[in-house]
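The letters A, B, C and D name the chains in turn, as written, and every chain counts its residues from 1.
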Amino acid sequence: MKMIITETYEEMSTVAAQHILGTMYENRRTNIAITAGTSPIRMYEMLIPQVKGKDYFSDTHFYNFDEIPYKHASCPGITISALNDLFLKPANIPTENIHALDENNYQAFDSMIKQDGGLDLFVMGIGADGHYCGNLPGTTRFQDLTSKVPCDERLKNRIGRLFTDKNEIPDFYVTMGPKSVMQARKLVLIASGKEKAAIIKEAFFGPVTPEIPASILQLHPHLTIIIDKDAASEL
Amino acid sequence: MKMIITETYEEMSTVAAQHILGTMYENRRTNIAITAGTSPIRMYEMLIPQVKGKDYFSDTHFYNFDEIPYKHASCPGITISALNDLFLKPANIPTENIHALDENNYQAFDSMIKQDGGLDLFVMGIGADGHYCGNLPGTTRFQDLTSKVPCDERLKNRIGRLFTDKNEIPDFYVTMGPKSVMQARKLVLIASGKEKAAIIKEAFFGPVTPEIPASILQLHPHLTIIIDKDAASEL
Amino acid sequence: MKMIITETYEEMSTVAAQHILGTMYENRRTNIAITAGTSPIRMYEMLIPQVKGKDYFSDTHFYNFDEIPYKHASCPGITISALNDLFLKPANIPTENIHALDENNYQAFDSMIKQDGGLDLFVMGIGADGHYCGNLPGTTRFQDLTSKVPCDERLKNRIGRLFTDKNEIPDFYVTMGPKSVMQARKLVLIASGKEKAAIIKEAFFGPVTPEIPASILQLHPHLTIIIDKDAASEL
Amino acid sequence: MKMIITETYEEMSTVAAQHILGTMYENRRTNIAITAGTSPIRMYEMLIPQVKGKDYFSDTHFYNFDEIPYKHASCPGITISALNDLFLKPANIPTENIHALDENNYQAFDSMIKQDGGLDLFVMGIGADGHYCGNLPGTTRFQDLTSKVPCDERLKNRIGRLFTDKNEIPDFYVTMGPKSVMQARKLVLIASGKEKAAIIKEAFFGPVTPEIPASILQLHPHLTIIIDKDAASEL
């Protein structure tokens, strides 16, 4: 576990962007799982001008690691839509370099990734409750590969804010599981702000338990945590 | 997780020996943690003639991963003594290539390994109760690095059989913890015999839980399990 | 450059076989270019029983690195036929794991290998004249990728002994060039016998020059030379 | 060989800086050989604010790859002085992370690097005559490790412009040789401007010959060339 504590969110974003670029510059196909959400917004803003239209990145492939599908509509899900908006479209990533996890392919996703050569880098955030990807307290089992997570009322309430049309709130979502994530060669976790300070301490300096899903990441042989000093303020 | 199922204990030993040799042939310093016990006996018999007196292995370093010290006597502990007998002495491994964990250096052991460049390979067995190294059901916490494990009566009984002079049974032993083990670049776990069949299924195809300490190894990105068909008979 | 000097041809063969197995045990697809000729005969004899029918090697792919085609007959060329006899058939390597270079695909071979993820290991011999693969004194240019080498009378005489029907001696052969070989992640070169002693000294401890084609291999960051003491007798 | 062609010198500098940072972020000791000269000036300007005072880079070590000593004065040589000014001092790199090649230690330099774990990255420029490090047309032998190069009148004239006091022009300089450079895990070569266009074509798309010292770099399995469009204008 390597801990990088930055002065600001801006520096956190810079360091995270450089981790992604470091992998993208490899002289072979590289596979990167990337995160939506608010933490990486500035990171993607930095990456876009560096990546857009650069053919020397043609061998980098991107994967989303969870998906909340619409219940009825046949449009792309919440996560891939967010990634499209944040990064994939403005950076002009070609369709053939985007590998979208969804409710139809989730059972084959782990073996597809293995077939593609495995993930070289996995970039994720962390929730104040210790969740990462769709691995939440109360639903996480460390042995799970990519799977479907049924949504009870609590979960439906939680994801409901993502849907304008409440009829589209689904009965389940899909996510790469802890076992899938741990197979990646390198993990990068980013966080900023005082509201993440408690969970950073708890997840990475406390017990490994499914109640704090991200705590398992402590055990990965190549985990880098990039956080600003606010998120590090309880260490 | 790569599962190699062999016809016999002999073949299991061959395949395991070849994993160790594959690492030893690297053209840089390599660091290997090795296991005592009965499972690797034949493996070491195969390795000894191939390793003894070969200066092209001068850059391989060996580490033990747990130690049961004598309570009073100032002689080497149970584990390193067993490794000396099984492999290190008959293979003429130079003293400076042997890095013995003991009750005096255990607190510095993880940082010493990091300083040495990290472990390239970690070769271990598994007990029928799911323990590996000194990580036993009831004493294991996944977040632990190398640490001292106090011995209650149950544990004293368990390790007592290793001591002729019962006054030498110690009040504690030391072991690399789950977090230490998971930092290694590659893990190899060996097992043979029907008495291991149930735990192989449980540890690697069941829940990840401290009650089955080896279950955590499922999550390592480079785990190879080498077992004979008896040990695989419940899969 | 790591130099492994063995007591005997038998030990050379053992060490070389273990290098190949070390790569084959990786937990991902591995690509290995292998050599025909007399030097590896015993190595293949050792490998066959260890590889045959073992599904845990299903992710290893094999490539030949040169080919001498028949002029008229539409049968497989000299090299792949020899590899089939020495190893691929007796070891039951599935057709889809064999990637044969020939006169039809040689121009696409380097990019096909790159597409396959690159070569992990390249196992070759050396001629008393310093040639390796089809890179001979007088025909070798270090900058060449896989290419067609026209055969003048000297070369036709040289390869003529391989053909019963002298009408089948071709006007050219194909070979991976020095630049192709140097792209592999690891190189292993084997040699045995006093008749190789002079070239071993010259190629690996003398000037790098196209007149001694194998001399370029000195410069690879991960070259292992495995030779018996006869081949090392001039060092 | 991966070729990255950038729009501008500024972009070339950005991409090169990101290659260095990508290596510096590794979670273990990393060793980087760096270049003086004019090509990397902007690259270092970009790196300095990102590196200065950041303790998460404490495990990165820097090496110079050639040195022109003063003939009489006992002060640091031309190259390390330039690196100190360009990067090492403004970035506050601690003394113990700087490994200076000089006229006293050059014979031990290759084995010292091997002892340190090898070079992970080698960043260099190229001269219009095809030289890199101190490997010049007329003095370069591909098989050379780090060595002393005697200066004839031509060479004394060439390096003379670096000395205010002409009495200090030395009779020799030291440089890592082609064989030393090729041992690094990754090579990065930077160039910009039309005056480099001809040599870029010649060195990387023409014959491998000591007369164009950089031509050997074509053969490295992990070479990245980062050049602006002016330097790429003859491709």
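Throughout what follows, a contact is a pair of C-beta atoms (placed from the backbone, for glycine too) under 8 Å apart; a residue touches a chain by one contact, two chains touch by 3 or more.
Labels paired with UniProt names: A, B, C, D = 6-phosphogluconolactonase/glucosamine-6-phosphate isomerase/deaminase.
Computed from a predicted model, the values in this text were never measured in an experiment.
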Distance in touch steps, counted as few as possible, from chain B out to chain D: 1
Selected pair, greater C-beta contact count between A-D and A-C: A-D
Chain A-chain D separation of Cα centroids, rounded to whole Å: 38
Approximate Å spacing (C-alpha centroids) for the pair chain A, chain C: 44
Interface hub residues of chain A, defined as touching at least two other chains: none
Interface residues, chain B side, partner chain C - complex: 1-5, 14-15, 18-19, 21-23, 25, 27, 50, 56, 222, 224
Residue numbers on chain A that touch chain B, as the complex places them: 141-143, 178-179, 182-185, 206-208, 215-216, 218-221
Chain A-touching residues of chain C, taken from the complex the two chains share: 28-29, 114, 117-118
